[in-house]
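Across the two complexes that follow, subunit A remains constant while its partner is subunit B and subsequently subunit C.
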Partner chain A sequence: MRLPSMEKYMLIQITISGLANGCLYALIGLGFVLIYKATEIVNFSQGEAVMIGGYIGFWLTYLFKLSFVTVYPLAIIGGVLVGYVISRPLWFLTNRKAPLFNIIVATVAIGMIVRSLARLVWSSESRAYLGPSFLKTITISNIVITSENLFVFSITAFFIIIFYLFFFLSKTGTSMRASAQNPDAASLVGIEPKKVFTLTWVIGCALGAIGGVVYGPIATIMPDSGFTIIIKAFAAAVLGGFGSIPGVIVGGCLLGVTENLAGLFIGTALKDLISFIVIILVLILKPSGILGVRIERV
Partner chain B sequence: MKGYRLTKSDISKVLSIASLLFLFLVPIHLGVYGIYLFNLLFIYVIISTGLNILTGYAGQISFGQAGFVAIGAYTSSLLIADFNTPFLISIVIGGLFSSIIGFLLGFPILRLKEIYLAMVTLAWSMILQLLVIHMDKLTNGWDGLSLPSLTIGSVDFNQDQSIYYVIFTFTLALLFLARNIVSSRLGRVLASIKDSEIATSSLGINVSYYKSVAFAISAFYAGIGGGLYAVCLKFIGPDDFGLMQSIDYLLIIVIGGMGYLSGPIYGSIIIIILGELFRAFATFQELSYGILLLFCLLFLPGGISLIMNKAMSFIKQKSGFFDG
Partner chain C sequence: MKGKITVFLISLSLIFFVTTGFCGERDGVTKDKIRIGLITTLTGPTADYGEVAKKAAILAMEQINKTGGIHGRDIEYIMDDSAYQPAKAVAAVKKQIYRDKVFVIIGPTGSHTALASIPLCIEGKVPMIEPAGLSNAISNPFNKYVFHAQLTAGLDAHSMWKYVMENFDPKPRTVGILTYQGAYGKSKHEHDLRNAEEYGVKVVADEWCQWGDVDYTTQILKIKEANPDIFMINVMAQWGGKIIAQWKNYGMKAPCVGGNLLYMGLLYDTGGSAVDGTLVGTILRSQDDPSMAWFVDEFRKRWPDAPRDLGTGTQHYYGTLQTVFQGLWRAGRDLTKDKFIRAMETLRNFDTGVLAPVSYFPNDHRAYRMSYIYRFNEKGERVPVGATTYQHPPLSYQPRK
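Let's turn to the complex of A and B:
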């Protein structure tokens, strides 16, 4: 297909902004996958951590005019607190060997509680704020990479690298991986399951909260925005191969680009359909996803 | 000769006859709003009884029950409005159509493990809701569908009382059907699938077929419930079939007691009461649902049915009266 040069630029442009969205999905999906890998629980309240991160970003940047250098650490602290609170009832259930169904529905219940509390405290109005603008917009022969997108790329890369270093090099990360692989054997060598469980949730929700601060300037934050984003994160994880950490990063970027291209060709009204279709098609046709993690089928 | 021993089933027989009588007389004494609440209660009971068969008995998760409710509601509404089909027939067709779709959908997706199943069913109901919104030629989009007046021959079914008896009859019939399903061979197969799929298939039972059947049954109940909902409210819109509704049905069976026939009844009563208490404050409503759901999962995994069953056997044990 030969495109006129203007349209070719537009295509590249849309791909780039899709990639920025995709980075966000990857970041949030990362926490999701981490929790799933270590505890086999799909966290339906992950979106609420994102939402709270978004609100923290809103207060600190919009109301207190703080720079992002302080906003991100504070958002991480917020995410850690949320993760700790969420993990308590879930550990109670896991420890008692409750059926997985009950644990998953418990995350839904926690999500409902957090969401309605947020609605009570902050009202249902949507909030918007600007991201940091210290980066310069780059223009390469008609293709513009805005400073916002550039910031999203760099902050995602930064946190993913930090996560990788922690998860694969540090001792705590190694004990988390060991516990995910074989909880019983891990507890035999002195890794406390409760500690690892809490740590997993804390880190997972902190990644969600970081995602929330990134998400705020791209979209708007309201108590319900957690659900919209969690579906995308799940679709990203499924696309890349559920439970695979590199998979969710690849899947997230791919999903973001696909969504934007679909918005161009099919129309923005049905853009939200993409992630749902991805979930269904990938799980039915190739449940192992792109990076080929085997999913147990019956 | 032993004296007559009043058994647990005798107590429940007396109780159920009393409550049947009560429910039969309800519309005479209640106003329009009270009748509407009872109608809603019955519709919840129907839909969650179907979900209970799928989740409580067969152990499969569905986060997308509202999708099947939507299929039933829109099918029957369109049949009534555009084809002048008698409304009783339309409701049944809506249920059957929904169950066929459930059966077909069941084959590919029920092979997945529970978390994936949760996500696929959720995604499927969200797709359905988006389609309802965007296929506005058929469904009228956000504006929703209104139903014309309902008559069978010369009998007018627009009054709340007559609709009440229709819904009541459907509820009784479907509860009876559920009881029979559960105690039949099919019910035992589903229970054994819940316990162990591998063991069940080693007995030569086609597990994926029976799972699809369970899915179809739950879709049938949801479809009938949807049709009755449309007939009861005379108006349906995409908002009635969102994720929140799907979660409500899960909530009902968890609070009421999964795997008990009485579970959906208790759960629906609780939901209706809570919904009425916080009618003016939707946020408090969601908060109370969430807290109750979490409480039941943490401390009361058997739900209200378990408490009631224990109370029944306690009464039977303690009271010498029943020993004759």
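Let's turn to the complex of A and C:
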């Protein structure tokens, strides 16, 4: 392998944009991890929450010319609604002690239903919108941080901090963690499992919707757009340790930077191939993921 | 005795119906209907293209039926979704050939789905008209059942290179290329390399991207590092806008040149005013041109919720159907597939009203020999700047492997 000659700035530049990509994967992957951690369900309809967020971003900014400051609360509401609707049939199955595999397959089906409905209501035409106009691209001695990068960094940092404060410092967050650790014991001390289940799903989908508003200016939004990004978000969660909240952030950033560096040093045609090989290698060395907890098989 | 006669008559009737085709139908043609198969991407990553293509096809068929059809036969259609996946395209083609018994298939949309479907159409002896795929492999090697109703990657590349080399001053000496790893991208890329060699332009950077990429920093920086005189972009419009915006964000002044796929209005929607100056080539007549007002009006009347930019699929499918109707008309009332194919091969500079002129030949089913060149301005309008003609290279006549 011949290393191309390059200036230091290129390496820094590629790392910055890799981190931005990783933040996007982490933001969306966080929803996966939260839902899994609390309910053991891998939510294969998480992409649809992203898609809904993207559409909300489009309508409110492009059609109604609202600022992004207004868009986010409304995107969260959209995500909450989606999460609530999705959680109903899944709670029904969970409460009836349906096999976990069946519930996971149900999330696939729900995802397809939501995509089909979106296609029916909004058609398949691509929608595109630009990021917030108050964010400008900045250049610091040859290093360009685009407005999209700034958008991703700021939104990810903000919502991860909010989420962390909620999940670890609030009473509700503590209830959710308690329920995830030991549902029976939590129930005994008065924590309602149904309430926690619903709350987990609405927060998880709200995170997806927030990710969707960020994703919209980067890609275009159509009914299938969530399906495309979710693979990377899922990979980020697995790499970081599925079930670990800090892990998904680490995993996302590592994935984002790895794919960019693979493109730089090996070849852009092999970016995805190399980054997923790295994931496999990491998992061989640490099967539970970078920050994941090892689970003993019985 | 009476019973035996009844059985005999029933058997005779059955034999009659089976040999003449059920209820008088033969290969998708009845006394008053011609059945056309349409396969496009109603779901999947290019569903936005397929959605408008479907609408344009329906418009075209409704229009022809309103005027009495073709030789007294209305056009009826079977629409199937390929989801931009070869497996689904093949399934749709099989269904349309063997169950629906269509007369001709329009689609499936996209080079890789078309390539997967061609062997079935040849085996089933059903003409296939591909309006969206650009890969040269669709029409080469030649087969009489396959019509390539889209500009080829060769024409796409040639038209841009010819325009650039004849109009840029100074002439570019180096080029950086970014290509999407799909059937179209690879085909266009191959022709870009060939054209670069012919014109003596050095390829100083050659990078790739995939569907689903959210960031192109690595590719753009590598190309920027090589500092080419022109930046050739072989990607879809929705990514192209982002790429061009990022290119300009890095302070690069080299003009961006793209092929047919960059023509869509999405280029401006995703890139904003950064797309100003970008050159694209296409067989489509500009929807902003007054001569296209009739089409835009008809489309909007039929589909009032149509977006600002009607999309490229509208013209591709509408125009392709005009050629099919012309072929059906020229084939006459006593319609067979062979007659239809021979009739299509008589089209010379046929004007569909929405596309460049179409010509098919008995040994060459590549529809276009001309491409229009447009330049995007800062408002996202596509300003026509020229047109180029192209002599296709010879085809292979070996059977497909």
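Rule of thumb we're sticking to: the second predicted complex is superposed on the first by the 262 of 298 C-alpha atoms of A that agree within 3 Å, B and C clash if a C-alpha of one lies under 4 Å from a C-alpha of the other, contacts with A are read in each partner's own complex, and residues count from 1 in each chain.
The criterion applied here is as follows: a contact is a pair of C-beta atoms (placed from the backbone, for glycine too) under 8 Å apart; a residue touches a chain by one contact, two chains touch by 3 or more.
A quick note: this is a predicted structure, and the numbers were derived from the prediction, not measured.
By the touch criterion defined above, A:64 reaches neither subunit B nor subunit C. Looking at the shared chain after the overlay, A:168 reaches neither subunit B nor subunit C. Once chain A of one complex is fitted onto chain A of the other, the partner contacts of A:17 are limited to subunit C, with no touch recorded for subunit B.
By the touch criterion defined above, A:146 lies against subunit C but remains apart from subunit B after alignment on the C-alpha atoms of chain A.
Shared-chain residue A:119: touches subunit B and subunit C both.
In the superposed model, A:232 makes contact with subunit C only, not with subunit B. By the touch criterion stated above, A:128 is placed in contact with subunit C alone, subunit B being left untouched. Of the two partner chains, subunit C is the only one touched by A:220; subunit B is not. When both complexes are overlaid on chain A, the residue A:260 reaches subunit C alone and has no touch with subunit B. Within subunit A, the residues touched by subunit B in the first complex and by subunit C in the second are 115, 119, 231, 269, 272. Those residues of subunit A that touch subunit C in the shared complex are 4, 6, 10, 13-14, 17-18, 20-21, 24, 115, 119, 123-126, 128-130, 137, 144, 146, 215, 218-220, 222-224, 228-229, 231-232, 256, 260, 263-264, 267-269, 271-272.
Subunit A contributes residues 36, 42, 89, 92-93, 98, 100-102, 104-106, 108-113, 115-117, 119-120, 227, 231, 234, 238, 242, 269-270, 272-273, 275-277, 279-280, 283-284, 287, 295-298 to its touches with subunit B in the complex. The part of subunit C that touches subunit A in the complex is made up of residues 42-45, 47-48, 50-52, 181, 207-215, 217-219, 221-222, 225, 238, 241-242, 246, 249-250, 266, 269-270, 272, 305, 307, 311. Taken together, the subunit B residues at the contact with subunit A in this complex read 55, 59, 61, 108-109, 111-116, 118-120, 122-124, 126-127, 130, 134, 197, 207-208, 243, 247, 250, 254, 283-284, 286-287, 289-291, 293-294, 297-298, 301.
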